[in-house]
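Below, subunit A partners subunit B and then partners subunit C, in two separate complexes.
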Partner chain A sequence: MNRVVLGALLSHWRRHPLQLLTLVLGLALATALWSGVQAINAEARASYARAAGALGQGDLAQITGPEALMTRETFVALRRAGWLVTPVLEGPMTLGRAHFTLRGVDAMTAPAPAQGAMVATGKGGQKAETQGAADIAVPEGGVIFGAPETLLRLGGQSGLPPLRPLAGLRQGLLLTDMATAERLLGMQGWVSRFLLLADQPMGRPPLSSIAAGLKVTQKPSGNDLARLTASFHLNLTAFGLLSFAVGLFIVHGAIGLAFEQRRAGLRSLRAIGVPLGRLILLSLGELLVIAAVAGLIGTLLGYLIAGLLLPDVAATLRGLYGADIAGTLKFRPGWVAAGLAMAIGGTLIAAAQALWRLARLPLLAGAHPRAWAQGGKRMLGVQAMAAAALVAGGGLFAALGGGLLAGFLSLGGILLGAALALPVILSLALGRAARGRSALAEWFWADTRQQLPGLSLALMALMLALSANVGVSTMVSSFRQTFTGYLDQRLASELYISARTPGESAALAAFVAPRVRAVLPIWSVPISIAGRQVQVYGLVDDPTYRDNWPVLRGAADGWDRLAAGRGVMINEQLGYRLGLAPGDMLRLAPDWSLPVVGIYSDYGNPEGQALVASPSLAARYPSAPRLRFGLRLARADIPALRRALTRDFGLPAENIIDQSALKASSLAVFERTFAVTGALNILTLAVAGFALMTSFLTLSDMRLPQLAPVWALGLTRRRLAWLELWRSLALAGFTMVLAVPVGLILAWVLLNVVNVMAFGWRLPMYLFPGEWLRLGGLAALAAALAGALPARRLARVAPARLLKVFADER
Partner chain B sequence: MNVRRAILAALLAALLPCAGALAQGFGGLGSDAKGFMTPRRGHVLSFPRDDGAHPGFRIEWWYVTANLRGEDGRDYGVQWTLFRSALAPPGQDGKDGWAAPVIWMGNAALTTPQRQFSAERLARGKTGQAGAIARPFEVWIDEWRLAGRWPDLSLRASAPDFAYDLSLTQTGPRVLNGDKGYSVKSPEGQASYYYSYPFLSVRGVLRLPEGAVKVTGQAWIDREWSSQPLSEGQSGWDWISLHLADGSKLMGFQTRAAKGGTFTSATWIAPDGTATALPDGQLVMTPLDISRVAGRDIPTRWRVQLASRGLDVTIEALNRQSWMPMRLPYWEGPVSVSGSIGGAGYLEMTGYE
Partner chain C sequence: MLLDVSDLWKSYATPDGAQRVLEGVSFRLKAGQTLALTGESGSGKSTLLHLVAGLEAPDKGLVTLQGKQLSGRSDAIRAAMRRDRIGLVFQQFNLIPSLSVQGNLAFQARLAGRYDPGWISEMAARLGLSDLMNRYPEALSGGQQQRVAIGRALAARPDLILADEPTGNLDESSADAVIALMLDLVAESGAGLLMVTHSPRLAGFLGARLHLSKGRLR
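Here is the complex of A and B:
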């Protein structure tokens, strides 16, 4: 019997292949975007773990001293007292136009993973990549490791030890042996920090007996990259979920339609004695098979999408955080299982309503086909209330919630609420439009309104996609505008130069001083504040800062107090993190506290930063290297100074960077940063467009009985088809009009809540109506495409079929 | 000994810098010694100078083994080793600090009848993290240290799960192995400078996870340096140092050729310290019992015969699992001696794959 019943059930799909295609495609698309995003996230996380594990140094505590730099003698004293530490020497290196961080490590005392890799790696380092860790250079001139992209930027720099690629290293980081690092940085005998190995021998003396001021600082738990990028991945996940939800609308629509069309058949099956339980089970089985097939297709598609998007995501992460993730995708079985589970779970959710109705199908009721999901006024009322509740909840989260998750929950509430409200608002608007027009117009609007229940899900999906688009693009564009303005302020110096060694830097400063209006040293010391590293810059007193620095809030005499060594300015990120406002005290060292005299914007920097007077910093950290300078001079004098620097002083041309080049490269980083959001926007919109089309197709079959009388009254099929197309456009237009304010609310939440949580800075919001027009155009295009096929069908429907409506009327 | 340590040290020299040599296995020892000094027959050793480092040679080690008995009545064994391995001959470019082309490797072990504890340390260059000075005598890596004024030395090592702090007192003369310290390692003539301090009494404290144990016993220090101690084709060695009940001592080793066959060498040391070098073939070492250790078959009971001295004894490991799971793994542990005479000593074996 099962076979017969199953045959009867499946025959429906044979007669409606397009419906089956819709169902499978909808489900596959939903799964694809979701699992694609998951694949990207998994790949990125694996990359972070690899980077942290490359040296096995990810979670090690550190030993720090009273000074920013420590000496090799302290290292020996620690080791000889039985404190097993490994030294790290780190410093900035400028080669060509690019800045790098050169890190020297000691393979002999490094934690086991690095040592193991070192011993296991072949002579040519050819296995370095597969080992996934560093085979650190040992004496003999050394070798420098860098991520492949970093080495590409280095190009053919002469005078450097041999370069070897090592995937998983942070972008811009060059890894080498201690001896090589000392030589290249000109920092013989210095150590930046000590990492305390996990296993320590018995019976060590206290640190204080080894050298004064040494202390153990625990590393913040979790690795830096994972922490920094958490918000970005949450963002991606939110996008994935949004697409999944949009996809489920399609699935729900297709299943609902299939159920309505099979209602007669199902009733017949029941009438001839098929038990209800078996019918439900078989229907469920049928759905599960479809879900599994669609899920598989979806995961495959997702894999393709992830592969296509990964380079963009990699660029984004690199631009934002300097996180380097592999550009290629690995196949992870767990991820396929998760994709399938999502597909099946989603199908069950989408089918719940249909199965419920099947269970309650009255055996002997008339088999009147009726529009599926036909909602009455009561239904709209409930929906309106639900919408209001969701929006209110979202608002509440935005107002009261803390943390990134609250930000996203508030976004979700507002978006879903707005989507639910859409049919209510449309229904009201269409009701008004129908009044007092010509008979045809009145029919057109009334008929549109009549179709709303069937279209509302698809329209809600469109609404979600459109408002997400408006929101995200507003955020990105606001960010870009702010960032450009900020760069103009912040990069005020006309020329930036860097010395090769600390020894050269004094001579360089003396050389340029008589040739320019001002020499502004750019130097900093990393200081640990509240468990995280903060770069503290020493500023000389110069009008350049007063005139250009983008101070958001601060005392009027802030610059005077800073110059006098009686104040510190901090970036917005540090302010948010520590909850500091101007006037609060910031403790930079146990015996060094300064009042905050200003908070400035510092876009694009994920870490904390502070400014103090150069002499105060120099007094405390006399050994910190000072290599870079900003120069103020008339633009016309730049070429002459460049010549003097390269010819008379002998500074390599690549150590001189001009402002415009620096701006251009900063902007390029920014553009890459948001490359991925554009791609995701388009994809979500495409899914929504598809949802709309399936709904129209669904309705067009069922609407012949309503169209036949209008046709009989004299409207040609062609005219009717055009009206259908217009209807599609009108609905999309309405949706777009409603999506803009929702999108703007979304953008506001993104900029003022999510951004602050994720990056630590607040951004002003700018409006871009041109962007909305473009998006409106895209929505119209989607609607036109969605409406075109059903309209074409209508235009070509055989008059006999229309006549048949009257003949068959039951 | 000798060779065994030689191999370790030479491997280090060959491996650590360019890391690739591990794949060559023990063959790496056969690599040539260009630019380094090589031992010469007839060279007169000079003390205390030769207790310190010899930068002109590629490899060198300070090797301490001790057979100890605890207050608790149990037997213990202690090993302490520092290898020096030069990556380049000295004087080329006067590199200092991290850049100086030398690697130091320390191994320490504590053996009980049931357990084997071991640890390893590495250092490089001339930073002061590790080193060897003849006078005042001090050899160290990190907090591990062998130092003092002859005849009194102290020996220390510590690790997360064990530590020891021992006082050593020299009670008999230094012994030059081979021909006045010129010790031949293979039929092809590879050699090293090799001398020993076999007469050392020991007292001190062992720290184990269960607590501290006071111990007394006797120790043996080996000093050896060379630039190319093994010939190609030698696959490993078995080395012993025995303290016999009548006060005499025996140092002996055999190197095993990959193609089969052995090369043996030994020094018979009378209770008064008079040493007799015994050429290839006199010492006979025969495996009696094979144990499964770290996935390998390793002989942990041997018959040791020296016909010219009427010696025919069985040596047996205190702990058959005296495995040293180091970067270059080997077996090394205390043994008891029984047969024609009793005693205790140390056994080291490498090259059992």
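Here is the complex of A and C:
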């Protein structure tokens, strides 16, 4: 019996191959975007895990001191007391135009993975047999390890120890032995922190008895990169889910239509004795087979999409977080299984309503081919209430919720609520439009309104895609505009030079001083505040800062107090993280607290930053290197100074950077950063366009009984076809008009809630009507393409088919 | 002469070859005249009506309405003649579901630019539809829907009414009432009426009768 019944069920797809194609393609597209995003995330996470593993410190706790740096004597005291620790020295290093973090580890006491990595690459790639301390063979003069791309940026630098690639290290991080780090950073005898090794002996004395202010900091779960990039991956996941939801609209529509068309057949099967349970099970089996096939296709497509997007994602992660992830994609069975599970789960969600209706199908009621559409009409009231509840919930999450998840829940609520509200609003608007002046207009709008139940799912999908587009593009463009202005403020100096050694630095400063308007040293010291690294910069008193620095909030005499050593300015993200406002005290060290006299914007920097008076910082960290300078001079004098620096100091070109080059490279990083967002935007819109087209196509056959009388009363098929095309454009236009305000609300939430939580900075929102017009054009194009095929079919439909509508035999 | 049908031929392609439906049909209809077209199922009655309405094109022959040739003209011209000069009534009513009774009644008249609210109101009253003007087709009975269809066909004061089994879906008493009403209104408007029916009894209400059998007039 199963075979016979299944044959009867499957015969529907033989007669409606387009519907089957719609179902499979819809599900495959939904799965493709979702699993593509997941593949990218999995690749990135694997890279972070490799990086943490290579350093052997992924999950190690650490001991930090009361100040940014501790002495080597503390290390000796800790070891003598029985604490199994290994020192780490870390500091910023600028070579040419590139900035790096140099991390020194102690080859004798570092965890085995770090030793192993150093041994393996230190001996020309030969893997060591054992990883004991005796095997460590760091060549004389030290070796610097870095991710391959990091080393490329270092290429040609003279005076550095030999360079060795070490895959998996964070972009911009250089790893070396302690002695080399001390030498290059000019920080002999200093330690940034101690890593606490596993298997500590019992009975150790408390830390307080060894040195005041020492404390153990547990590493947060995962590693630095995973934590820093979590928001980015959450963002990608949200986009993937959005695309999946858009795809599910197609699947839901296709399954619902198939069920309605099969209603009479299903009733007949029941009438001739097929048990309801078996019918449901077989229908479910049929759907699961389709879902599995579509899921497999989708996963393969997802793999292709991920492969195409990965280079951009890698660039984004590098630009935003300095994370180095592999540019090639590995096949991971885990996400294939996850993709299939999503496809099957999504199908079940989309099919739940149809299966429920099948379970409740009355045996004797007559078939009603328009019940699907009529049912949609009845749902409008419920839909309006659900939409209001979702939008209200989203608003509450935005206003009251804390955390990134609340931000995304808010976005989800607003988006879904708006999508659900769309058919309700359209129905009201079309009802008003139907009170038209001409008979044709009246019929056109009334008929369009009648199509809404059948089209609403596709239009909701389009609404989701368009409003997400408006929201994200408003955010990105606002960010771009703000960032451009911010660069103008932050990069006020006309020329930036970098010395290679502290000795050269002093000579350079003396050389340029009489030749320029001002010399602004750029130097900093890393300190630890609340367990996170904060870079503290020492600023000289110069009008450049007062005139240009992008201060958001602060005291009127902020710069005076900072220059006098009586105040600190902090970046927005540090202020947000510590809950600081101007006037609050910031404790930089146990005996060094300063009032916050200003908060400035610092876009693109994931870490905290503080500005203090240069003499104050120098008094505390006299040996910290000062290698970079910003120079204020007339633009006309730049070429001559550049020549002099090259001639007299042999300074390479990459150590002399002018402002415009720096700005251009910063903007290039910015554009690359959002390339993947743009690609996902377009893909989501394409899926929505496909949803619209499949809806128009599936409805076009059901529309003949409604169109035939109008044709008979004097409208040509050609004219009707044009009207169908206009209908498609009009609906897309309505949807676009409604998507703009929803997108702007999304942008506001993104800029004022999600960004603040994810990055710690708030951005002003700007409006870009030109972009809306461009998006409207794209939506119109999608709608025209979606409506063109059904319209062409209508224009060419044989009169005999239309006449069948009037025939007795119909 | 209102309608002149001359030597009309029509066949359809089938998997077994061309199936001839009409073979040289000719007849004439004067203004104000009512003509019943009878015949068994498949005799070609509906096809003949569709050719006269310009809904389909004949393989051969001429359809001339008020001296203007309809057959052989472009789709747009046939559509315009249908809109401006012909009223159509179908067995399935074929009202426009998105329009109210009022909208349906006025639709063709407005398309043709001959909308007369007074005439529509009067006709609605005669058809017993005055209280149903804001209802939609789905909320009407079969008899009510057919009365709307008749009203729609007459609203534009066409020269020719073509009705295809207009009471096929109605019970006998409803059918008689609808036919009587339609004939009254047609007589008042001065239009010609060509009505397809398989019922000899209903055909008896009309002024003349043509019988079609296997594509030929008998």
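Throughout what follows, the second predicted complex is superposed on the first by the 662 of 810 C-alpha atoms of A that agree within 3 Å, B and C clash if a C-alpha of one lies under 4 Å from a C-alpha of the other, contacts with A are read in each partner's own complex, and residues count from 1 in each chain.
Everything below uses one rule, namely that contacts are C-beta pairs under 8 Å (C-beta built on N, C-alpha and C of every residue); 3 or more make two chains touch, one makes a residue touch a chain.
Note that the structure is predicted; figures quoted are calculated from it, not measured.
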Report task. Answer with first, second, both or neither: which of subunit B and subunit C does A:Ala419 touch in the superposed model? Result -> neither
Requested in this report: Name the contact category of A:Glu442: first (subunit B only), second (subunit C only), both, or neither.
Outcome: second
**Report entry** Touching partner for A:Gly714 - first (subunit B), second (subunit C), both, neither
**Finding:** second
Report task. Using the superposition on chain A described above, determine whether A:Val512 touches subunit B (first), subunit C (second), both, or neither. Result -> neither
Requested in this report: Figure out whether A:Leu803 sits in contact with subunit B (first) or subunit C (second), or with both, or with neither.
Outcome: second
Query raised in the report: Can A:Leu279 be said to touch subunit B (first), subunit C (second), both, or neither?
Result: neither
**Report entry** Residues of subunit A contacting subunit B in one complex and subunit C in the other
**Finding:** none
Report summary line: Counting only contacts in the complex, subunit A reaches subunit B at residues 72-73, 75-76, 79-82, 84, 106-109, 115, 118-124, 135, 138-140, 177-179, 182-183, 188-189, 199-204
Query raised in the report: Taking the complex as given, what residues does subunit B use to touch subunit A?
Result: 15-23, 87-88, 95, 97-101, 103, 119, 122-125, 127-129, 140, 142-143, 158-163, 207, 327
Requested in this report: Could you pull out which subunit A residues touch subunit C in their complex?
Outcome: 434, 438-440, 442-443, 446-447, 449-450, 705-706, 708-719, 799-800, 802-803, 805-808, 810
Query raised in the report: Quick one: in the complex, what on subunit C touches subunit A?
Result: 12, 41, 46, 50, 53, 55-56, 75-76, 79-80, 82-84, 88, 90-92, 94-99, 103, 106-112, 115, 152, 164-165, 168
